[in-house]
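Before anything else, here's the structure in question.
Lettered A, B, C and D in written order, each chain numbered from 1.
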Amino acid sequence: MTETAATAAVGGRSREAIAQRLAADLRDGYVVNLGVGIPLLVPRFIPPDVEVILHAENGVLGLGPPAADGQEDPDLTDAGKQPATVITGAAIVDSALSFAVVRGGHLDVTVLGALQVSGRGDLANWYVPGRNPAVGGAMDLVAGAREVWAVMEHVDRAGQPKIVERCTFPLTGRHVVTRVYTDLAVFHVADGQLRLTECAPGVSPAAVRDRTAAPYIEDLAGRDGSGAGALRRG
Amino acid sequence: MTETAATAAVGGRSREAIAQRLAADLRDGYVVNLGVGIPLLVPRFIPPDVEVILHAENGVLGLGPPAADGQEDPDLTDAGKQPATVITGAAIVDSALSFAVVRGGHLDVTVLGALQVSGRGDLANWYVPGRNPAVGGAMDLVAGAREVWAVMEHVDRAGQPKIVERCTFPLTGRHVVTRVYTDLAVFHVADGQLRLTECAPGVSPAAVRDRTAAPYIEDLAGRDGSGAGALRRG
Amino acid sequence: MIDKFRADPMSALAPIPSGACVAVGGFGSSGRPDTLLDALCDLDRRGLHVIVNNVGSDFTGIGRLLAEGRIRRLTASFPVLPDFYDEYFAGRVELELIPQGTLAERLRAGGAGIPAFYTPSGAGTMLTDGTFPLGYDPDGQVAERMQAREHRSFSGREHVLEYGIVADFALVKAHKGDRKGNLRFRLSARNFNPLAAMSGRYTFAEVEHLVAAGDLAPDDIHLPGVFVDEVLLRSELSPRQPAIPRSGS
Amino acid sequence: MIDKFRADPMSALAPIPSGACVAVGGFGSSGRPDTLLDALCDLDRRGLHVIVNNVGSDFTGIGRLLAEGRIRRLTASFPVLPDFYDEYFAGRVELELIPQGTLAERLRAGGAGIPAFYTPSGAGTMLTDGTFPLGYDPDGQVAERMQAREHRSFSGREHVLEYGIVADFALVKAHKGDRKGNLRFRLSARNFNPLAAMSGRYTFAEVEHLVAAGDLAPDDIHLPGVFVDEVLLRSELSPRQPAIPRSGS
């Protein structure tokens, strides 16, 4: 990987398109927690025949869209403390039961932004040393959800890869990420092994390779992992 | 202690009178759990100016009298599975929260029948070897309640003392009993030391001594423990 | 769309195999999922490990499972039914006897992703020191004892380490439920039901009333639907079904 | 008779001394007991150890306590308010940063008599390995670090041992409450309130509506009155009270 390659424009998905790509992988009946940033764009792209129960850390199961202007209720917010609504059939629980849902494996997917993801599935997303530390529910979510989908730009603002051999930022959890959705590609992680399963439209495997700093298997034959794949080093 | 002394009639309180004596020690606002047997006689003797919240293990806080004939509701029973009622202002919780009340120290008193109580406050009340073992909430109650009041006949049917130096029946809990109410006397236990604080009307300290197989301090000057007391061996 | 309602208990419960570990709600007959328990019997499942606070006092519900010889191990605080003890002492059923509060907390912990916790309940007793007989030989000798618990002192007081229970399946009963699996219980019939439901890897809820989604307001739901996989209607006939005579086993 | 209602927050909260450990409900301003927090400020209590999920984003509620320099240590998952971090890095406030689910479970455990439990949350991170700075010196150097957690593997997975929190006092807010202390919350304003209430050795509840005993049906009570010692009415003025300028400290 060279800096020239990493910073050159290679096309790829917009933030909305990343959210849309991820939304296509949600299945009917999933219970899903969405972090801030790109994850919050996901709901608008969930197919109409797919019903997903959105979980908010502060105890909402069945979160609806943000509250309309003038319709705010101070007793109903999302986990980002923004005025929220609930869907028909929603339930409210206290914070202990909310995290019992999370840790107990009753959450199918948590979708989180990331600073870095390692090739083994380590996630760093809660703290940039020198800045203000705050963790919220991130460590519970990655420890408890059945699947952890990291969503992020493939490289940082300086053009440095965010998929790395070893995270340099403090970890949120070890061996927790199961998928990575970026503007350039989709990766799966299983048994500590990263696999590139899809390149964004117009993005070449070589462009992904140049911007990825962790070893991975190229497994583009099918998202099911049916392709044989060859080990590549980033 | 001789068998003759132990089996001779010495008067003392009836089962109802034991319950009444104990009820006089309940304070306004206490949260109380009552076991089966003599403890179930206590509510009828609670003074009218004393409000006690009765807790039932199956999740009732504010248990009322047994349901009247024809008024039984299969969804409302006490911990003995008998049709029950609730008082105004009662609350229902699940079994985990019910025992959070118990273990968390939010129960002021648990009143339990006993097979044996040791001089250090060990309690045996759940199992007679050779018979059918069942524990229910007894071990949680004695571990969690702020006070454990054992209520029992002073001697068993064979005339053997039930207050003993060391329990021979399997323990419910170690160092848990804080008071013992019997037909003959009232004892307090603090810091592993048993104190006789009161003899039933017409019962002599000597009669109690003859029927008690654990060492204790005679402290009859006042129930507050203000008396100096002399160490006696049972 | 999410619709967890199933009309037929027999086909719904068919995936529960013989030998499964099943957590069951209820306290005696109060809040006990009789329709589901009857289906389990009618499906002829055997060798079950049943986790339930008590057996009840007759041959309905858990009592029917017992009478038909379907229980391999019972985890409970208060078995009650004398016939249960006959089976236990004869070496046909194992008994894991657990203090009631510990049992409730272990079911919740299993459902909450807490693998283990410390409790003072039972510390220093034969239910935690490895001496209580889990099961007997046919000749009446103790075949196996309950596992001893790790003891540890906190603030100068002995506690024992207890493990969260994750059951293969859970069977619970609620007063009302909707097609999203949201449940509301009634009075003391709530008891172990929310906890058994949490503990199950796959949870069936029997409800007296199936209501439309939204009929239960968010603040009136006692257990959210994420803990429930299938919802079935209680049959009014259930409590009156006679027990089939005890089989050989 | 049991009557836990108190008319005057100032005299009710007077027994809370400076230096106390106080668990507080709420998630941001949602469900936060502002009337009680204002009384604590008006009573001029200082050196408090405050346990609350987050500080909120302005100088009301916990923010007022902070702005007035009354907090010695904050136990939280998400402080938010930038001014908090100024105080933290300047060595005037300690920060015990806890994963949100662990914080909720620790409060519940403390109130439930569970001294400690294992959780996978945070295992192998700087919040459990003893490296996170609990507090700084005035010159900006780390003065003390958060205590390392015991790690233990269950089913091949690392977990950490976390302790139940028993707070000296708890301040919570509910939608409705009765004179027996029974509480009902509204929507997501419930959040940490039942858990903070459980954790408190002595618990004050601020309610929007005081109702007669029996108005809340037994099945509609979210937290039974046994966890609540005194009930006070929320003042409508609370959220609008200005913060007193930060004191020296």
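We take it that contacts are C-beta pairs under 8 Å (C-beta built on N, C-alpha and C of every residue); 3 or more make two chains touch, one makes a residue touch a chain.
Note that the coordinates shown come from a computational prediction; the quantities given were computed from them, not determined experimentally.
Asks: Chain by chain, through touching neighbours only, how many steps does the shortest route from subunit B to subunit D take?
Replies: Minimum step count, subunit B to subunit D: 1.
Asks: Any idea whether B-C or A-C has more C-beta pairs in contact?
Replies: B-C
Asks: Distance-wise, how many Å sit between the C-alpha centres of subunit A and subunit D, to the nearest whole number?
Replies: 30
Asks: Can you work out the whole-Å distance between the CA centroids of subunit A and subunit C?
Replies: 37
Asks: With centres defined as the mean C-alpha position, give me the subunit A-subunit B separation in Å.
Replies: Once rounded, the distance between the two centres reads 57 Å.
Asks: Residues touching two or more other chains, restricted to subunit A: which are they?
Replies: Counting only residues that touch two or more other chains, subunit A contributes 60, 86, 92-93, 96, 99, 102-103, 143-144.
Asks: Can you list the subunit D residues in contact with two or more other chains?
Replies: 105, 108, 112-114, 119-120, 185-187, 190, 218-219, 222
Asks: Who touches whom among the chains?
Replies: Pairs flagged as touching, ordered by label: A-C, A-D, B-C, B-D, C-D.
Asks: Residue numbers of subunit A touching subunit C in their complex, please.
Replies: Spelled out, the residues of subunit A in touch with subunit C are 28-29, 31, 49, 51, 53, 55, 60-62, 86, 88-93, 96-97, 99-107, 143-144.
Asks: What residues of subunit C sit close enough to touch subunit D in their complex?
Replies: 105, 109, 112-120, 154-155, 159, 184-187, 190, 218-220, 222
Asks: Provide the residue numbers of subunit B that touch subunit C in the complex, in ascending order.
Replies: Per the stated touch rule, the residues are 56-60, 73-77, 81, 84, 86, 92-96, 98-99, 102-103, 127, 132-140, 143-144, 170-174.
Asks: If you look only at subunit C, which of its residues touch subunit A in the complex?
Replies: 1-2, 108, 110-114, 178-180, 182, 198, 213-214, 216, 218-219, 221, 224-227
Asks: In their complex, what parts of subunit C are in touch with subunit B?
Replies: The touching residues are 27-31, 53, 57, 77-80, 82, 85, 95, 97-105, 107-108, 119-127, 132, 158, 175, 185-195, 222.
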